[in-house]
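Okay, so subunit A shows up in both of these, paired with subunit B first and subunit C after.
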Partner chain A sequence: MSVAAERSGRLRRAATGNLTLALLTLLLVGLTLGMSQLEPLFRALFPDLSQPLYSRDSFLNLMLAHIGLVLVSSLISVSVGVAAGLFVTRPAGREFEPMVSSLAAIGQTFPPAAVLAIAVPLAGFGFTPTIIALSLYGLLPVIQNTIAGLGTVPASTREAARGNGMSAWQILWRVELPLAMRVIIAGVRVSVIINIGTATIGSTVGAKSLGTPLIAGLVGNNLAYVIQGALLVGLLAIVTDLAFERLERRYTFG
Partner chain B sequence: MPREHTPRVIGNRVLLTLWLAAAIGVALLPFATLSPNRLVSGQPVMLWQALPGWQLGALGLIAAGLLLAALARGLASRTACWLGLALTLPLLGLTLFALGDYAQRALAEASPAARVSQGGAFWLLLLAAALIAVDALQRLRLALLARALFALLALGLIGACLASDLLAPLSLMREFANQRDIFVAQGLRHLALVGGALLPALALGLPLGLVATRSRRWRDGLFSVLNVFQTLPSIAVFGLLIAPLAALAHAVPWLGELGVSGIGVAPAIIALVLYSLLPVVRNTYAGLAGVPATTLEAARGMGMTSRQILWRVGLPLALPVILSGLRIVTVQAIGLTVVAALIGAGGFGAFIFQGLGQYAIDLVLLGAIPTIVLAVIADFLLQLLVAASRPPGTR
Partner chain C sequence: MIELQGLTKTYAGKRVVDDVSLTLQSGEFGVLIGPSGCGKSTTLKMINRLIPLSEGRILINGDDVTQLPVEQLRRRIGYAIQSTGLFPHWSVARNVATVPQLLKWPKARIDDRVDELMTLFQLDPAEFRDKYPHQLSGGQAQRVGVARALAADPEVLLMDEPFGAVDPLTRETLQAEMRRVHAQTGKTIVFVTHDMDEALALATRIALLNGGRLVQYERPIEMLVDPADDFVREFIGQADLGLKLLSRRFVHQYQRRARLAPETGLERLDEHAWLVDAEGRPSALAGARLDDADAITRVKPEWIATPEMSMKEALSRMVWYRVTALPVVDRDGRLIAEVGMPGVMGIEGDGAAREAAS
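Now for the complex of A and B:
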């Protein structure tokens, strides 16, 4: 393929990707606000159920609670994770790099659901243990990718920046971080997607999320609740993942 | 860089940091908790209240040795690492022994319903021992096999403490004794679910990975479909499979008689296979695509057929990458199986969610700890397998 054809192919794919993202976002918002309009549909699908629509809370509230859980924990994960990754790649913290790297690797073998369960004896039930578990777990991919991303910056590039008279801070802000950004964002993407899934299970430890109707449906044998929760949380994950894909592409150079 | 040459007072700042963190934790957190019965939350018991004098003395000696290992520098740094590594085993052993010993003494004086549980300082000491060992092993640059031997030694020590009656008075171990039969059954169920998902995932994923190397169009389509499954929250996939499977079992009665239904094992295995496919396919593709073109050319020049080239050249060279994919999916499947307990598939997750429902922390730990141990051990074993599968000369 010629360079021009490759380029036009990439542009076309990006355009269809944008369209998919826009349509799915529209569907997500539409379903969140208009799920109650679908009550006749669920009533037809599940004629045996006396209550075919989850009504203990609005789906908008559940969606906002879910996004809130993920947003708060991701903000903690990203700020602590990037800071830790930066610390262990500077001369002052380099001695800690092997330890932090292997902690991040071993920690990711822990099942997220088990981490969530272990947070309960530490912090009780509700919002707090979920936030603790999500932030701790989400930290690991961010640290790992921050270290990996900064590691991809060639020493010669750093040397050239130093030769141009840039200070250590300037090199970090203007050279290293922009070059490492794509890999760091990939780590944030992994972390956020895992957290959207774990926040769903968070309803078993008493945190309100889109998992609330899902788990209530599983416990109470109400398949309609299960489908309503699963659809919304699945769509949320796909839309978020596609959005991050766009973001990553923006930081691809060359 | 001039910074490297400035004399450093401290030999091992990582070890010193761990030492300080453990010391602060032990000073602030209880070593154990004592409660009059299993429903009431316990009274905190600090380390110095729980341990008799000789145990405190022994712990002090270990701490002093570790501090020495952290501060020593210069030529003795390797010796210091060995010292730190050697001290982690007595630290581990003493921490476990001290908790069991305290529980025994405390319960001898208390009512029969009283319970002793482990506290934050106990976990912190175990964690510190593990991290100090990891740090020392990294600094000594020991081979993977030597690290495996050390891990085996530590696991043997923990196993011996669990097998003896030492820890039996603990609340957690009493819960275990009550549930021993169910525990074994759920553990086997957990392993069976993981194995039952991995076999079909490999049987499907390896050929699909091969297809991906042959056609770009197939590859792009396959990867984007499988990627969607990896993105979906596991509980949503489990939930969405219930209705179609229940309908299927209803429509095709012999499937229902085989045990296929909306909840339980069938949706769990299907979801686990769907999740496992992407890493298997991706790594099979990456491994085969990574075989150098010159090697394939040479094989063709020797007169090998394309089937021979695949079996004798491509697959052996791709094996380490394929096994790395297996490592990812095994660890992932062990974790996802926890969630499968929510749709009645059983496994260790059943303890977790039952415990969360009854606010029975011991039950939660009885499910969570074995799952984590299982995942870490599986990860380590497969790491050894990946290393062993590398062709000689590239290890």
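Now for the complex of A and C:
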């Protein structure tokens, strides 16, 4: 394929991707704000339910609380994870690499529900134990991909950077991080997507999220609540995933 | 000037570079050569301290390299490597500008310097400035790599098998360009290779290493005609020693007066002669074709030699095109002399060429 054809193909794909992302975002915002408009639909679908629309809180409040949980926990996961990944790939921290990797892997094997159960007696109910569980849970993909991403920088590139007189910081900021960025972002993407799904269980310990109608529906045998919560969580995950895909593409070289 | 004094590198008790001392004068093209594991790359990398030295001293223009801050030292020394090491996320222009940017040159000066270097390496700035490394051919990428090494006008240029990964044809082109760039810039160059032909094509001094020790440090011709020991003799290779010598000799050392053909009586010529056109360019050759000595043959562009061409190449063309003499032309393409098979043999016998070449 010629360069021009390849370029136009890539542009077309990007344009289609942009359109999909825009439409899904619109759908997500629309459903969040206007779920109550769908009450007749849910009433028709679930004629046996006396309350076919979750109404103890607005879906906007639930959505914002959910995004808040994910944002705070992901920020913690990313800053701790990238810092740990950087540390164990520097000469000074290289010997800690196996330890950090296995610690992160252990964090991943704990079911988030178990982490919640441990965190509640220590941190009480609500927001804090959920953040602890989510942050731990999202750590591994970030650490793993930071290490892997820095590992993809060719030795010759690093040697050239050193040979041309860059300092260790300059090599990190100007060469290693930009080249590792695509893989690191892929790790953040996995971490955030996992957390969007996992944040729902925060509602079992009293943290407000899109899991609240889900749990209420499961407990009260109300399938309509479950669908309403799950629909919004699913859409949020898909929109976020597509947005990350676009971000990753910016850091593709050659 | 680069001085290595008793340079030694020890890895786990093993001396991989063992007491190497040599001096390379300013403007010389020094080639470090030897079999794999002889310590040539290690020696090179100790000069810009990518590898710390164990014992001895390295002086660049009198400055001990270990006394300078390491980044500052490396910005004074150009460095080009085999796999180019170009930064894949930077454009060609930004790659070339690496060291000037580290030295915080003003933008206008950097832009001028980048264009100047790209022109020196025959890469059209308008076309190549904004390309990325993955859009370049191997030869182009290697040119950018060397241009980057020269960007901040370093005192010394270190090259670690820079042409080892390109195809043979491109390699010869790059070698010719390197000779030209060396002649134009007068840089002091230290160049590592394992290829004797490459060393002979480029070096003004060859340092042959074996097992970490310096075996012989000599000008190319002297190394060929007077190898220090059996190892050197073996490494140079005996089979085509004659051809190797010819690769260090040039047409201008062998050329002789070209005989112009008379207006009439071509068929009665006892020796070959050249026909020229109105501008004095060689147009045809009477005689001197091996397959049909009496024929008059149009001169092909591939036959034409220049005074700067190596005798190895001239001889190769004679053999390939089955002709016993090549026309030698000046810059404007006018016939000034010829170079022929008998010439190659004749001068070789009395040693005149050896003197002339050295």
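Please note the rule applied: the second predicted complex is superposed on the first by the 242 of 254 C-alpha atoms of A that agree within 3 Å, B and C clash if a C-alpha of one lies under 4 Å from a C-alpha of the other, contacts with A are read in each partner's own complex, and residues count from 1 in each chain.
The definition used in the following text is that a contact is a pair of C-beta atoms (placed from the backbone, for glycine too) under 8 Å apart; a residue touches a chain by one contact, two chains touch by 3 or more.
Because the structure is predicted, anything quoted here is derived from the model rather than measured.
Q: Specify the outcome, clash or fit, for subunit B and subunit C once both structures are aligned onto subunit A.
A: In the arrangement built by aligning on subunit A, the partners subunit C and subunit B fit side by side.
Q: In the superposed arrangement, which partner chain does A:Gln37 touch: subunit B (first), subunit C (second), both, or neither?
A: Neither partner.
Q: Counting residues of subunit A touched by each partner, does subunit B or subunit C come out ahead?
A: In the superposed model, B touches more residues of subunit A.
Q: Going by the contact rule set out at the top, does A:Asn61 touch subunit B (first), subunit C (second), both, or neither?
A: After superposing on A, A:Asn61 lies clear of both subunit B and subunit C.
Q: Using the touch definition from the top, say if A:Thr152 reaches subunit B (first), subunit C (second), both or neither.
A: In the superposition, A:Thr152 touches no partner, neither subunit B nor subunit C.
Q: Under the stated touch criterion, which partner chain does A:Ile227 make contact with: subunit B (first), subunit C (second), both, or neither?
A: It touches subunit B, and subunit C stays clear.
Q: Here's one for you: vertex at subunit A, rays to subunit B and subunit C, all C-alpha centres; what's the angle to the nearest 10 degrees?
A: It is 100 degrees after superposition, to the nearest 10.
Q: In the overlay, answer first, second, both or neither for which of subunit B and subunit C A:Ser8 touches.
A: Touch status of A:Ser8: no partner.
Q: With the superposition applied, I'd like the minimum CA-CA separation between subunit B and subunit C in Å.
A: The answer is 6 Å, the least C-alpha separation in the overlay.
Q: Across the complex, what residues on subunit C touch subunit A?
A: 48, 50, 71-75, 79, 81-89, 98-99, 102, 132-135, 145, 148-149, 158
Q: For subunit A, which residues are in contact with subunit B within the complex?
A: 91, 95-96, 98-99, 102-103, 106, 109-114, 117-118, 120-122, 125, 193, 196-197, 200-201, 204-205, 211, 214-215, 217-218, 223, 226-227, 229-231, 233-234, 237-238, 241
Q: Which bits of subunit B are touching subunit A when the two form their complex?
A: 1, 3, 12-14, 17, 120, 131, 134-135, 138, 227-228, 231-237, 239-240, 242-243, 246, 262, 331, 334-336, 338-339, 342-343, 349, 352-353, 355-357, 359, 361, 364-365, 367-368, 371-372, 375-376, 379
Q: Which positions of subunit A touch subunit C when the two form their complex?
A: 154, 156-157, 159-167, 170, 174-175, 178-179, 253-254
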